[in-house]
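There are two complexes below, and they share chain A, which is joined by chain B in the first and by chain C in the second.
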Partner chain A sequence: MPSPASPPPSQLTASIELATSTGLRRRAAHRGWGRRLYLAANIAVLVFLLAPIAIVIVFALNPTPFIQFPPVGLSLRWFEKFFASRDFMQALVFSLEVAAMTTLAATVLGASAALAIARGNLPGSRLIVATMLSPLMLPAILTGLALFQSYVLLDVGRPLWGLVAGHTLVTIPYVVRTTLAVLHNFDVRLEEAAQNLGASPTRTFFEVTLPLVKPGVLAGAIFAFIVSFDQFPVSLFLVAPGRETLPITLFNYLKFDLDGTIGAASIVSILLAFLVVIALDRTVGLRSYVKL
Partner chain B sequence: MTASSRRFSLSRRRLLTAAASLGAGVIAAPYVARADEAVLNVTGWGGKWGEVMKAEIGPAFETEFKCKLKTDTALPFLPKLQASSRSAPVYDVLHTNSNEQWAAVEMGLVEPKVDPRLVPNIADVYPYAVSDKIVGVCIFTSAIGLGMRTDKGYGSITSWKDYWDAKFNGARGGYVIPANSLGQAFVMMCGTLFGKGQTDLDAAYAALEKLKPIKLVDFTGAMEKLILSGEAGIGILHDSGIYRYDGQNQPVDFVTPKEGVLSLEQVLSITPGSKAKELGNAYINYMLRPDVQKRLAETVWYSPANKQVKLDAKYDAKLLTTPEKVSKLIQVDWKWYNAQKDEIDSRVNRIFRA
Partner chain C sequence: MPATGAPRVNSLALLILPSALLFALFFFLPIGLMAVMSVLTGNPVVMPHVGFTAKHYARIGNDSYYLEVIWTTLRIGLWTTIVALVIGYPLAHWMARIRSRSGHALLLMAVLAPMLTGIVVRTFAWMTLLSDKGVINQVLAALGLISTPLQLMYNESGIIIGLVHIYVPFMVLTLTGVIGRIDERLEQAAENLGASPWRTFLEVTLPLSLPGILAGSLLVFALAISAYVTPILLGGFQIMTLPILIYQQISANFNVGFAAALGMVLLAISLMLVIAYNHVLGLVSGQRELQ
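For the complex of A and B:
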């Protein structure tokens, strides 16, 4: 039985409803503010990441031979100059060749190394992982200089394979890391089941292991391509006369001519990186592995 | 097992041996193929210079001297030369500005002088090109003076000291001195203008302090754009950085201050361990030929070091092509500057940090 001081049930219910709805409104208001802050933080990060690209686009499309804001017009003259320049085109093609070779080498070596580390029961595997990742910890310019000195000592000059080896050295860690991440959650029983059903080790590798580690290997390969294509400090010492990569050609150009061609070349590089990701998506179905 | 299958059996050892031989063959093939071809490794610039060298002057040299000219245009040259063996240097001829040549000669990476008996065209160069301020031989020079806008109503500029005028506050362009040889030469000009001479660093530092506010850039290309865009009304620049816009209707001009212009030399020197010294000397002699000098001078607006060069009127009017004009050149003591560089870098970084 309710006490005389207590409010009637309907009033109590109304009070509870009022309190609840006020609480909910407050919580909703809090959530609203929280969401706004979250959105603002995300937008700030996006602006921070994309602002340099926006400036490059403005520079590349502005007809004046210097950065001018607001732009005085819209022109493709710097793109024309970029694509008409034999030096830039040679450098672009050479960079693509080097990046393709590097991607192949880094993917095969890095993925194999990751498999060996994850499955091989190797003594000192942590040390091996640390060693494999060490090129990321060294300043790349020192890696380039050290390789240059090694080639000079070996009296081999500055060959193409030397440049690819240098790029491979700094891109292997990406493939190792991404492949190891996938292997970490790999269910070994799937391989055992395949072998119990009569599959040979080779068949098990190609039909069970490889499809399951593909996302990590592909992610590493994409990193390897992009890092190699944009590689500057290692290339600085290893490019041979007359065979410069695009970043080196751009740097040399920048010293004498700071015009929109640099912006045009940057946009072409960014588009190429996108193209690689799209091509991989179309050919191997990247989207089924990675939530874009 | 049949005889034929025995003949073609492929063991693992054989496969590895064959693969290794093939690999070695692939790597060595270019070297074997070029073993008889003389190769001259030189350094050089990109930009317009690189274009004309690659298209005309380099191929003509290769044809005449039956060799392959390999020009490295990827900076930095000095660390690569340092990293290579002294007995087999990566370059036979080093082409840089004078400050780097002095650094190279101090380290024993290049020979101090070029033998005039082996490079006959040296007989025709202006004295500055082989002076005691030069390592090797100077093949071209630019005049470092003041580049400025002509449409801002600044009035007439005649002296280096006008650069300090308050009307240029906020519109003055300068260099990150540790990274730029024009900026470094300018430090010594400050000592000359406000002190006892090039080596009066205290006077130079005091003068540099008074230049603030100033816009700093790394490269001369960036300084050109700073002036072209109007972001700077005045800046330290070499004459070719302004003259190259000749005929493009840009409101910019080069000022030769009455105190003289600093010399920005293009210098060639030979590396002591070069296996192609004869060809290296031939290259230097070739670069000093009047026809080669004229072609390059009229492409990049550099003043030729050879007195015999006759430039077209347009270039002759602006470049340093007579003994009178050449007498305005002030050469910098780079040997002294390089010895003080760390101290100067530290001090100027402090001055311009703000």
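For the complex of A and C:
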């Protein structure tokens, strides 16, 4: 026997329909607002990320020697000042030299280490990887301090090789990581097939393994170049006075002047970083294999 | 791990040697020397009789000034981490869930572009934005909203803003990987069972991305407490953090022993973070440990 409170069947269906449709409508509205809030928050974060870079560009092209907003005109005077300054030019060339040497050292050492880890059946490979990646997480300023103290104790001064060694330490993790990523993703059977078909281990290495890991090694090399070119804390301790890298020169300039020269220098260094990436892409055919 | 016994070490293993040498000579030896210097009474190269001492550590422990510096460093690191997480999470979620390929590429570029711009340059950008006559104050004054400029830098919040901008990409990239690996069908199932999107997020997505949150936070914290350029420029040489103090001991006082002791304190904090980070990453990636 139905309870007296229960509505007749037709009414019940109607009320269920009503409840469901308001529920759905409320949920759709809820989702619409939530979605809008989500997008708005994300766009705000993107603005936060990109606005400072936009400001640097505006400031580099703005003719006034102090910050003015909105900008009053367009001029290349800060670029002229940057390229005419002997200090900045020397620092730029020196930074490029250090970055080139560092990239070479870090790429050769890092890629060989990755090969040894992935194919050499080394015991404790997990610990070795953690060690090789540790300069990424240990403060670079400590690497700088420790190297500086050692050079003082050994009384070797502040040599160029000392600076390049410091830069190589903090850039090697990138090469190891990108190369390992490729080595772990590719099929070991390709190497086995080559050997089964009669290739010597050396020939297998040069004709199968090396071409396949190339994208990972290159991605690592690009990271190494950019990181070395922008390196600050290690250089802070290891550069010799009068022979400073660009970030150090910019930092010293920033302590006293806040004009557009820094903006111009920034644009030049960003363009240089892009040029290196494009040049490597063109010459060696990088397939944007970037695994983070 | 192979149960049939590890395969034999082969000749490719020798390729580790050059890097091993580099790390031994230019990483472990110097850090070892730093540890030794921190307990010596002087520089053994210029002084004939040096002994062991704990005075540098005693100086750090007994002087409230140095403890205050350490606390300021940790506080700035903590706030940077919290803010980077709060603003980085939504962006990482969007990057992980966006359907269009080009949309994903654009977001990735927006996250990577600041990383390509050097730390000095980005700090300079924030100085032009936050200073008394900076862009933000000029715009607010032009709109008639303020009569005297707001103090946006030369304080801790200015430093935190600059550090968040520099380190939020690391948070986003770490989180995107972890959120991308969450099975979307779990979220769909929750919604089909009647959970609101917000509740689905709180009870499914958020708990499953916890390892990424931990890994990203540890990384950002470790990077933020070792920053030098941003705290010194946006703090206007007025706020002292551990890296600034360390460099000052070298450049102004040439007190190598005390700098080494301060360095060991920073190293101890960082090592704990590295170990925690590797542990968390091990949990996240499971068998994919070598990536």
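Operating definition for what follows: the second predicted complex is superposed on the first by the 239 of 292 C-alpha atoms of A that agree within 3 Å, B and C clash if a C-alpha of one lies under 4 Å from a C-alpha of the other, contacts with A are read in each partner's own complex, and residues count from 1 in each chain.
Heads up, the rule we're going with is that a contact is a pair of C-beta atoms (placed from the backbone, for glycine too) under 8 Å apart; a residue touches a chain by one contact, two chains touch by 3 or more.
Predicted, not measured: the structure shown is a model, and the values here were computed from it.
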item	value
Chain C versus chain B on the shared chain A, clash or fit after superposition	clash
First, second, both or neither for A:E244, with chain B first and chain C second	first
Which of chain B and chain C A:P159 touches, first, second, both or neither	first
Touching partner for A:F232 - first (chain B), second (chain C), both, neither	second
First, second, both or neither for A:F148, with chain B first and chain C second	both
Contacts of A:D257 with chain B and chain C, given as first, second, both or neither	first
Which superposed partner A:T64 touches (first chain B, second chain C, both, neither)	first
Touch count on chain A, higher of chain B and chain C	C
Which of chain B and chain C A:A273 touches, first, second, both or neither	second
Touching partner for A:L138 - first (chain B), second (chain C), both, neither	second
Contacts of A:F48 with chain B and chain C, given as first, second, both or neither	second
Shared chain A surface residues [contacts with chain B and with chain C]	66-68, 145, 148-149, 152-153, 155, 236-237, 251, 254-255, 258
Complex interface listing, chain A residues touching chain B	64-68, 87, 145, 148-149, 152-153, 155-157, 159, 161, 236-237, 239-242, 244, 248-249, 251-259
Complex contacts: residues of chain A adjacent to chain C	27, 30-31, 34, 38, 41-42, 45-46, 48-53, 55-56, 59, 66-69, 108-110, 112-113, 115-123, 125-126, 128-132, 134-135, 137-143, 145-150, 152-153, 155, 165-166, 168-169, 172, 177, 180-181, 184, 226, 229-230, 232-233, 236-237, 247, 250-251, 254-255, 258, 262-263, 265-266, 269-270, 273-274, 291-292
Chain A-touching residues of chain C, taken from the complex the two chains share	6-16, 18-20, 22-23, 25-27, 29-31, 33-34, 37, 43-45, 87-88, 90-91, 94, 107, 110-111, 113-114, 116-129, 131, 133-135, 138-139, 165, 168-169, 173, 177, 196-198, 219, 222-223, 225-226, 228-229, 233, 243, 246-247, 250, 256, 259-260, 263, 266-267, 270-271, 273-274, 277-278, 288-291
Partner chain A, residues of chain B touching it in the complex	27, 30-31, 41, 45-51, 70-76, 79-80, 83-85, 88, 90, 219-222, 224-226, 228-229
